[in-house]
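Per-chain residue numbering starts at 1, and chain names A, B and C are given in the order in which the chains are listed.
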Amino acid sequence: MSTEALAEPPKNYEVRPKSSGQFEDDMGELLEVSMGPHHPSTHGVFRMDVVLDGERVVKLKPVFGYLHRNHEKIGEGASYLASMPYTDRLDYFCSMTNNWAYALSVEKLAGLQVPERAEYIRVITAELTRLVNHTCLMGFLVQDMGALGTPLMYAFREREKILDLFESLSGARMMCNYMRFGGCRCDLPTGWLEQAQKVVDEYPRFLDEYERLLMGNEILMARSQNVGVLPKELAVSAGITGPMLRASGVNYDIRKVDKYGIYDRFTFRVPLGDHGDVYDRLMVRLLEMRESLGILQQALKSIPDGPVVDPRAKLRGFKPKAGEAYGRIEAPKGELGFYLISDGSPNPYRYRVRPPSFVNLTVLEDMCLGHTVADVVIILGSVDIVLGEVDR
Amino acid sequence: MKDLESIKQQIEAGVAGAQVSLVPNDSPANQPSLLVDAAHGLAVATFLRDEAELRFDYCSNVTGVDWMETEQKTKVKQVFDGEEKEVEQVVKMPGYLEAVYHLYSMELRHGPLVIRLRTKNRTDEVELPSLTPVWRSCEFQEREIYDLYGIVFAGHPDLRRILMWDEFKDHPMRKDYVEPDDYEYEPTPHDEVLAKSKAHYPAEVKP
Amino acid sequence: MLGEGILKGMVETARNFAGSYVSKDRLTTVEYPEERIAPKENARQFPFLVFDGNDPMAGLRCVACQICEKECPPKCIYIEKSKDKKPDFVGKMQFYPATFDIDVSVCMSCQICVEVCPFDAIKMDQEYELSNDDRFGGLLLNKTRLAKSNEYYGKMHPQEAGAIDESRLKTKEAAEAKVKADAEAKVKAAAEAKAKEAQPPTAPPNKGA
């Protein structure tokens, strides 16, 4: 298929149930179902208008905005610093990476330098966040497939250990609000590195266990292989990022491409999938966690001493010069970007979040067409959305 | 990536009639952008995607910006009855809505190239060409701009509201948006909010 | 063999089940409220106001500068400046908050008020059992409910509080020394003036020449 043909969205806007009297062909009786917004498999308040032909999906339109609080408008009304705690609430699983993306954009806008130690702390916390996110997602996804409870609880048990680390570092388990423009809020507490080292050392055991528990499971394979295939060309055209893109075989990881922070100092590989189906997405995440552990081991060994914040960064009365900047990082879910326009006042003139899971939802319909309702649930699960970020 | 000036020349050579101008950016980020005229927006986008040297196959971020009318005061010298006088002249700069696209190339791994499209004004001539036929990733993001800013994207396959509900009227991200006065009673300690909440609180239980 | 993967998974589940009886690692939860995990030192819940000495209202460090009110992202702090002034710890006359309310049902525990306060007057508490049956009044904390002693803060963060106390002590000493020096200088100046008066007035220097 040519790029053009794939890039076209499915043309089925006119598909309506037969009972509406508009549709006359031999498709049989179509059934329109509203899945959600209070459906446990939609990972939040999210709705899909699905038109079914028997069990098959012939049309699927995601409907969201139930959590819309106009985060961007709030950001335009608040000072640069005051937006930082709000970014925690975008993707509430990954507050550390959200903080980082925002701090990175403001640093670009204001030209601040981040001290060495702070860069290391950022890498460590971001990779721990990736572990948290992928661990939980795998739990959620197999829960969607019907493995009720057990794998999810194992995942949460491991997540707890990392959240403990976050709590003793930043004071909060999930809403960390830890990074600041030009560095981090406070230095690591004593003994934190040893604790983190212990968690990182023990994590592979859990991953091995998880792999034995799930990855060879025949039911899981039957449910997820060849389901929700996302072709490479479509993935690129639709701006899919993160593990979902790499599961389709596109080698694009912003940690490698932009080398933001100090990612060029670490050796790690970028796992790629072959088929772009749900199983690949699951597997890519599992492999990514192992790479993250590798980065963590290197970072924990080589973290230097020093200050954690740029002395030029002001906390009160922070006013960058007029201009604009777009900064992006590889968040666990994909490319998380912040686009800021400053007019020289204490508030940004424009504050835009480029949320990865919102853009990744673009292809939900393309992936679901022709599959059954039960598959829709796991395809959505494999996209890895968080509604706090989709709706903003 | 090539510098912006040569990309501009390349576009002008490749797309007949396209008017491209450079928008400077003074911040240390150093991300200047290209302003493309709306009529050739689609052609320029297709060119940027397909040109072998550029290959911007990935449109990362699409967003709207609202620029209000501004007043610029300039002093001009005018001749009155043979006498030269300095008169203050107020020039009204018209407002416009802007769509900003951040492009990257996954194949050649470069970027970002920032292109901007501007509407004629903020009220009735708010149409821009949709770039969804070029990059699928614009589909939801253009819908979001339509929803929050009110730019109408011609050629968008499914232009509906996305975050607000369908019956909603205004465009909440515009700078002159006034939020509806429909507070529920919330005794926050802050004056304005408190005043609003008091106004909506039933009389018999007024705090 | 079909089913091998499932069997392997079962073995894993069994291992975890048995392991949860012996290994602390496999069972991370405790039976709240009978059992509690001690809060981490950095843990934060809601802000409180620090006071020195024994009288909460007289010893409040807050000088009602309203920086925190301005910076608080959800705007849940409400401060009214006092009309009069009272001496602070170095004896300088300062305003104090006539009203200081924090709506903890709105507060998002972000700690920004603590970071921006230049007087170390507001700190984060670790009290988390705040459930209340009065949604409106019970969660709107006023000055009296917010004020907590410096000792309480010191118990939570011994190092930080120690450092703050030390620097405050230094400022105080410096201020006292300055006051003393000023007083001495005054005495000296007065004495000199007296001595001058006692001396016969000398002729003013001739400027015009």
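Please note the rule applied: a contact is a pair of C-beta atoms (placed from the backbone, for glycine too) under 8 Å apart; a residue touches a chain by one contact, two chains touch by 3 or more.
On a predicted model such as this, the values are computed, not experimentally measured, just so you know.
Novice: Determine which two chains are connected by the greatest number of contacting C-beta pairs.
Specialist: A-B
Novice: Name the chain whose C-alpha centroid is farthest from the C-alpha centroid of subunit C.
Specialist: Ranked by distance of C-alpha centres from subunit C, the top chain is B.
Novice: By Cα centroids, which chain is closest to the centre of the whole protein?
Specialist: Of all chains shown, the one whose C-alpha centroid lies nearest the global centroid is A.
Novice: If you average the CA atoms of subunit A and of subunit B, how many Å lie between those two points?
Specialist: So the centre of subunit A lies 26 Å away from the centre of subunit B.
Novice: How many angstrom lie between the centres of subunit B and subunit C, each centre taken as the mean Cα position?
Specialist: The separation of the two C-alpha centroids amounts to 43 Å.
Novice: Which integer distance in Å separates the CA centroid of subunit A from that of subunit C?
Specialist: The computed centroid separation for subunit A versus subunit C comes out at 36 Å.
Novice: Spell out the residues on subunit A that touch subunit B in their complex, using ranges where they run on.
Specialist: Checking each residue of subunit A against subunit B gives 7-9, 11, 13, 64-65, 68, 70, 72-73, 108-111, 234, 236-241, 250, 252, 257, 320-328, 335, 337, 339, 341-342, 350, 352, 354, 358-359, 361-363, 391-392.
Novice: So in the complex, the part of subunit A that touches subunit C is made up of which residues?
Specialist: 78-79, 81-86, 150, 154, 157, 160-161, 164, 167-172, 175, 177, 185-186, 189, 202, 209, 212-221, 315-316
Novice: Enumerate the contact residues on subunit C facing subunit A in the complex.
Specialist: 2-6, 8-9, 11-13, 15-16, 25-28, 40-44, 67, 71-73, 108-112, 115-116, 124
Novice: In their complex, what parts of subunit B are in touch with subunit A?
Specialist: Touch residues, subunit B against subunit A: 25-29, 31, 57-61, 63, 65, 100, 102, 106, 109, 112, 114, 132-137, 139-141, 148, 157-158, 161-165, 172-173, 177.
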